[in-house]
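Input: structures, listed below.
Next, two complexes with chain A in common: one pairs it with chain B, the other with chain C.
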Partner chain A sequence: MDFLRPASWEEALAAKAEHPTAVPIAGGTDVMVEINFDHRRPEYLLDLNRIGELSEWEVGQESVRLGASVPYSAIMEHLRAELPGLALASHTVASPQIRNRGGVGGNLGTASPAGDAHPALLAAGAEVEAESVRGTRLIPIDAFYTGVKRNALEPDELIRAVHIRKADGPQQYSKVGTRNAMVIAVCAFGLALHPETRTVRTGIGSAAPTPVRAKEAEAFLNAALDEGGFWESGKIITPAIAKQFAALASGACNPIDDVRGTAKYRRHAVGIMARRTLGWTWEQYRGAGRTLEGAA
Partner chain B sequence: MRVNFTVNGRPQEADDVWEGESLLYVLRERMGLPGSKNACEQGECGSCTVRLDGVPVCACLVAAGQVQDREVVTVEGLADYAKHRQDTHPGGGCASGACGTTLDEAKRWQSKPTDGRAGEAAPLSPIQQAFIDAGAVQCGFCTPGLLVAADELLENSPSPSDQDIREALSGNLCRCTGYEKILDAVRLAAARQEEAVQS
Partner chain C sequence: MTTYPKAQNVPAGTPTKITQGSPTKGGIGESTLRPDGTLKVTGEFAYSSDMWHEDMLWGQTLRSTVAHAEIVSIDTSEALAMPGVYAVLTYDDLPAAMKNYGLEIQDTPVLAHGKVRHHGEPVAIVAADHPETARRAAAKIKIDYRELPLITDEASATAPGAVLVHEGRDDHHIGHVPHPNIVHRQPIIRGDADEAAKRADVIVRGEYTFGMQDQAFLGPESGLAVPSEDGGVELYVATQWLHSDLGQIAPVLGLPEDKVRMTLSGVGGAFGGREDISMQIHACLLALRTGKPVKIVYNRFESFFGHVHRHPAKLTYEHGATKDGKLTHMKCRIVLDGGAYASASPAVVGNASSLSVGPYVIEDVDIEAVALYTNNPPCGAMRGFGAVQACFAYEAQMDKLAAKLDMDPVEFRQLNAMEQGTLLPTGQPCDSPAPVAELLRLVKARPLPPEQEWLTAGSEGTSVDVRALPGGLSNTTHGEGVVRGVGYAVGLKNVGFSEGFDDYSTARVRMEVINGEPVATVHTAMAEVGQGGVTVHAQIARTELGVNQVTIHPADTKVGSAGSTSASRQTYVTGGAVKNSCEAVREQVLEIGRRKFGSYHPAWATAELLLEGGKVVTDGGEVLADVADVLEDEAIDIELEWRHRPTEAFDLRTGQGNGHVQYSFAAHRAVVEVDTELGLVKVIELACAQDVGKALNPLSVLGQIQGGTLQGMGVAVMEEIIVDPKTAKVRNPSFTDYLLPTILDTPTIPVDVLELADENAPYGLRGIGEAPTLSSTPAVLAAIRNATGLELNRTPVRPEHLTGT
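Up next, the complex of A and B:
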């Protein structure tokens, strides 16, 4: 094994181009587990800790450019107003020790269907900034997850940042697990209201081979809210609409039975979380003047 | 490979480190600092919690090569670390150690082993003393990680609520005590710290 320690982003890209099998390591919360348990013996480890800019973020007009290594603890502390859904999701990640090291870049690189950040990114709308010596490209989050623990990155590419749309309305995140800390999601659900475009977006975690949006549920809800004039009136969403939204969200799942839960349970729980997160966000939307920040 | 970093205020050098080795292994097996415990090796239990540039992390998930030129505080250095904080930053915190310790202080700042008997041999940090006084130690395996995590909590929030304490310690597993005495210990240390600031 070789340990590559690039001191700059350019050096990191050059190293990745020269050694496409190199495994990037930042927080180490996934990679080191695999090494400790002898599940993986990469030829090269590519340490990204020395590249300070990966731990920085910029808040722009439309979006936040979040460096790949910004730890979850910083997202919770500093970006609750701009990225409420992701801040809530970050708060559910493991423990303080893990949140101090892990970040969204690693979540995306690992691309586990159970990664906590994914439903929040899908719901908010995001693009992954991938770079190689050949150049930079922005990969829409919807096209990023390609299979179980697979993503759209080329072998010579590294994740530099994630561009996440700033919240223009309430966002919520819900996760099912056996306790509040140190839990891999049994399943998770993210929901974001986008009043500017009068749309609702969703993200489902751990209930399909990849993180997915509940697109049919979104389309149904967008049409129902539009037809009923809900965005203007701020009326309570009728139970029939919420119920149908939940059923369609449940239908968007393609889960498996595993040690954490059964497929049937996951489908059921996603429906419940869809209905609840819709209720919570809609109450926030109705209550003018209330904070848009995540509740956690 | 060779790794140079600072442990408990002292520059250290480790040679022939395997590239996939964890910081925890280097501390325990190469530097003779077995205070950080090795249990789950996957970040679940918090027994190996150390401060890396002031930030609590699981040493089992930090690659040894990643600590090059960085500062680590382990439970062995906790008493000195806490003393330094009290001397140099009363009422505040010194997360990074980058405060410019005087040469004289640096010379005096060493990690000394204790004999493990209620701190008779060396002074303890307030959180360590509180753990003893509250009876928060049973088998003791989780204690070092809890001490490092709890000390950081008290550094950053002098009067934590029970919720704050529970959250700060949520990454540390104890299989003996049911946590009540541990919570008592943190409350005790917080109360003593507040008293000290007021008086």
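Up next, the complex of A and C:
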């Protein structure tokens, strides 16, 4: 196994162009597990740790440009206001040590349906900045996940950053695991209210071959909130609407039975999380929400 | 807010009447600190996996990818041809007539012979100059398997025409088992359960399932074998019992035992999982073949295949009681899945059957326990050893009975609690204190933790601390769906090896004067696996010999066997051996003193003399001489074996017999919060009360109780090795999917310690390591049942079970 250590982004792109099978490694929290378990032995590892700019972020007018290697702990510490959903998702990632190493770029590169960041990115709305020696393109997050552990990157492309829309309303994130910390997702749910566009977006993790949005649930809720004048009045969402939203979120799942949980449980749990996260975000929108502690 | 154990209610070590008070600092009853403690928490302790030898090779094991198959062919040529590979060994390369090993039954091939019987069975071993080379070479070995039908449960094991997991059995159990796929069977019949059932006003029945728990010690199997010039081998290894290993290793190497010299290296946890051989023989074989030192270290994945697990079990129970709440009878059948090899299965059967009644008075019982041979992973020793599975079932039964009788579950248990003098179902009387009712009282009397601790009032209104809720930082609830439950359980565990086993230990104690100060050296073969034996041995030597400075010699096979670090026995048995050898040393010191100075003071002849603070003193406190002057240049060095009271085998038909040495009791109260919609559980508090006889080191006692409690909680809510019933393959051999409790899952564990002396035991002590593991699991289950109203006859509980999905 060759270990490539580019000193700059340009060198990294050149290396990836020369060795398209090279596996990029930054925090190593995914890649090293794969290697240690002997699940794969890549011919080349492309170490991105010397490229400091990947660990930087810029807060713009509309969105945050988050470097691929910005660690989860930095998102939790510095971007809670701009990216509340992703910050909550970051809290659920593994242990403090792993959160100091791992970043969203790795989650996107692996594209596992169990990646913790995906539901938050889907709910917030995001674009992946992919680059190769051929140029740069922005891939909408909705088009990024193409199959189980597959994404829309070309073999010569690297993830440089992800552009995430700044929150214009409350966001929430829930994840079920069978342990109270440091656990891989059985399933997860992200929800973001977008009062500016009067829309709701969602993301489901670990309950389908790829991370997915619950589009029917979103459409139903958008219509119901619109028709009922909820955005203007800020009145409490009726249990019937919440229930239907939860049922449609469950219906958006296409899960499997595996060692972590049954398909039936996943559908059930996604529905519960959809209902609860809708309740929490809406309460916050109405100005009546509780604050969360212990998430730092 | 997660709270952590506050100041604990451990009474100071008050000397009992059989304890000699000692003014020497650091004696028994004090919480002296562990010599290895700082090194371990700072990461400087050398574990067995840290060893290195110049010019050493790395060993790698190739394991079966299927659970049950004939080996049609093995082709090692490609592996052998790889540069850097020094040896590739299979069954055909074994040097001696003996090719199997085993704790009791030698049924386990060192390397598979014509057949593999479980997923992950060692088939070939490789030595190479780099671990990666060894790994790649092992991957190049070609094995052609022809798969055989699988035996995975009792039905398939005993079906007509069932394939035999072991053909041609000639072990000493084959004569009394109903089927060759049953390792051992132990019935216990006392009184007349059918007749007594007629007196019952209520009868409850239940079928219970206990999942496969792993010891999950953090230091994987590892060791270093160094060939020596005399044709023998030096083996440095992490194990639980050096001499048991030795007795299994030497015959398959074709060496006399004195040519296999073993030294204990740093052990990163054990919990029963190091009682069996893992890499020991493989490393020695490769070292002797190549003439080079060979190191083997399993990774976490391999570790799941490298040691036995806790027996999964199916337990069927029937209990009856009168309307006044007195138990009338009990019938039970316990089926333990021993997997492909016997390991400790026979002894686990003995424990499960003889402790199946729990700490209750029931005169009429009909009990049967069996262990199966299957193609599932081999199971053997783990903390609690057969008593854990039984306790889970009988405590569920106690709650069912109490509910049916509309009685308080604690009062119902107290009404039926055994006490000193109670006859156990084996006919053996309990001849030391059995404070079962009192332990239950203690946990029940504790104030309950406050409700809804996750809500905190802040400047901006109420806030929620998700860490105190089910789901924790995963942020699944802010209180929605959360219901509290409280549950109780109490358990009974034997201490020491039972059923007539010659359970001795050896200690060599040396006393001499260095730089004018008397010092002692304690040399045993006791495996320090984290239990704190090295701390306690020094405390005993200080107390008995009145020295300040005690050196603990590294454990090795140059001294006699210390028995196993298991069965809650080491402080009792090797502690007893150290005490006994110290007493013999002291007697010699006094003898020399009498010879030298007897004529100077009449007390030499008349008083009871002690060694304290480096001096010979009378029991009245008068100083007669400095030990330094008594000994001068002389060193006293004594090695003695020490035995606890003998036990008897259980009768094979009736189960009667004085089979156990001592009992250990603990009770728990569990308080849980359950998210009833998502099926997630947060254990808030696990209060424990335990009788320890005498706390030789109160801080270590607390650590054992809290650790055992947590290990019991683990198998209540998350820990399980999942075996695919269709393939008998392990599905989750990693810490990603075999979940252990983290600190955020760890409840507050307040502890009450009783010290009621057992007059038969050294210092009155009671073995303590296992009892808290028993009652923790059923207490948590009871609390979850209390919160949800569900029956929950299986552990661990998964979200699916709580949500009906």
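Here are a few things to note about the model shown:
Here is the rule we use: the second predicted complex is superposed on the first by the 287 of 296 C-alpha atoms of A that agree within 3 Å, B and C clash if a C-alpha of one lies under 4 Å from a C-alpha of the other, contacts with A are read in each partner's own complex, and residues count from 1 in each chain.
By definition in this document, contacts are C-beta pairs under 8 Å (C-beta built on N, C-alpha and C of every residue); 3 or more make two chains touch, one makes a residue touch a chain.
Given the structure is predicted, the values throughout are model-derived calculations rather than measurements.
Looking at the shared chain after the overlay, A:49 reaches chain B, while chain C stays out of its contact range. The partner that reaches more residues of chain A, of the two candidates chain B and chain C, is C. By the touch criterion defined above, A:37 reaches both chain B and chain C.
Of the two partner chains placed around the shared chain by superposition, chain B is the only one that A:27 touches, whereas chain C remains out of contact.
By the document's definition of touching, of the two partners only chain C reaches A:273; chain B does not. By the touch criterion stated above, A:143 is placed in contact with neither chain B nor chain C.
When the two complexes are overlaid on their common chain A, residue A:236 makes contact with neither chain B nor chain C.
Contacts of A:177 after superposition on the shared chain: chain C is touched, whereas chain B is not. When the two structures are aligned on the shared chain, A:7 is found in touch with neither chain B nor chain C. Of the two partner chains, chain C is the only one that A:186 touches; chain B does not reach it.
Shared contact residues of chain A with chain B and chain C: 33, 36-37, 95, 180-182.
Contact residues on chain B toward chain A in their complex (touch as defined above): 1, 18-20, 22, 41-44, 46, 49, 55-58, 60-63, 65-66, 68, 149, 167-168, 170-173.
By the touch criterion stated above, chain A contacts chain B in their complex at residues 1-3, 5, 25, 27-29, 31-33, 35-37, 41, 45, 47, 49, 94-98, 100-101, 180-182. Taken in their complex, chain C has these residues touching chain A: 1, 135, 299, 301, 456, 458, 460-468, 470-478, 480-481, 677-680, 682, 717-718, 722, 731-732, 734, 736-737, 739, 741-745, 798-800, 803, 805. Within the complex formed with chain C, the residues of chain A that make contact are 33, 36-38, 88, 91-92, 95, 172-184, 186, 259-262, 264-265, 267-269, 272-273, 276, 279-280, 290-295.
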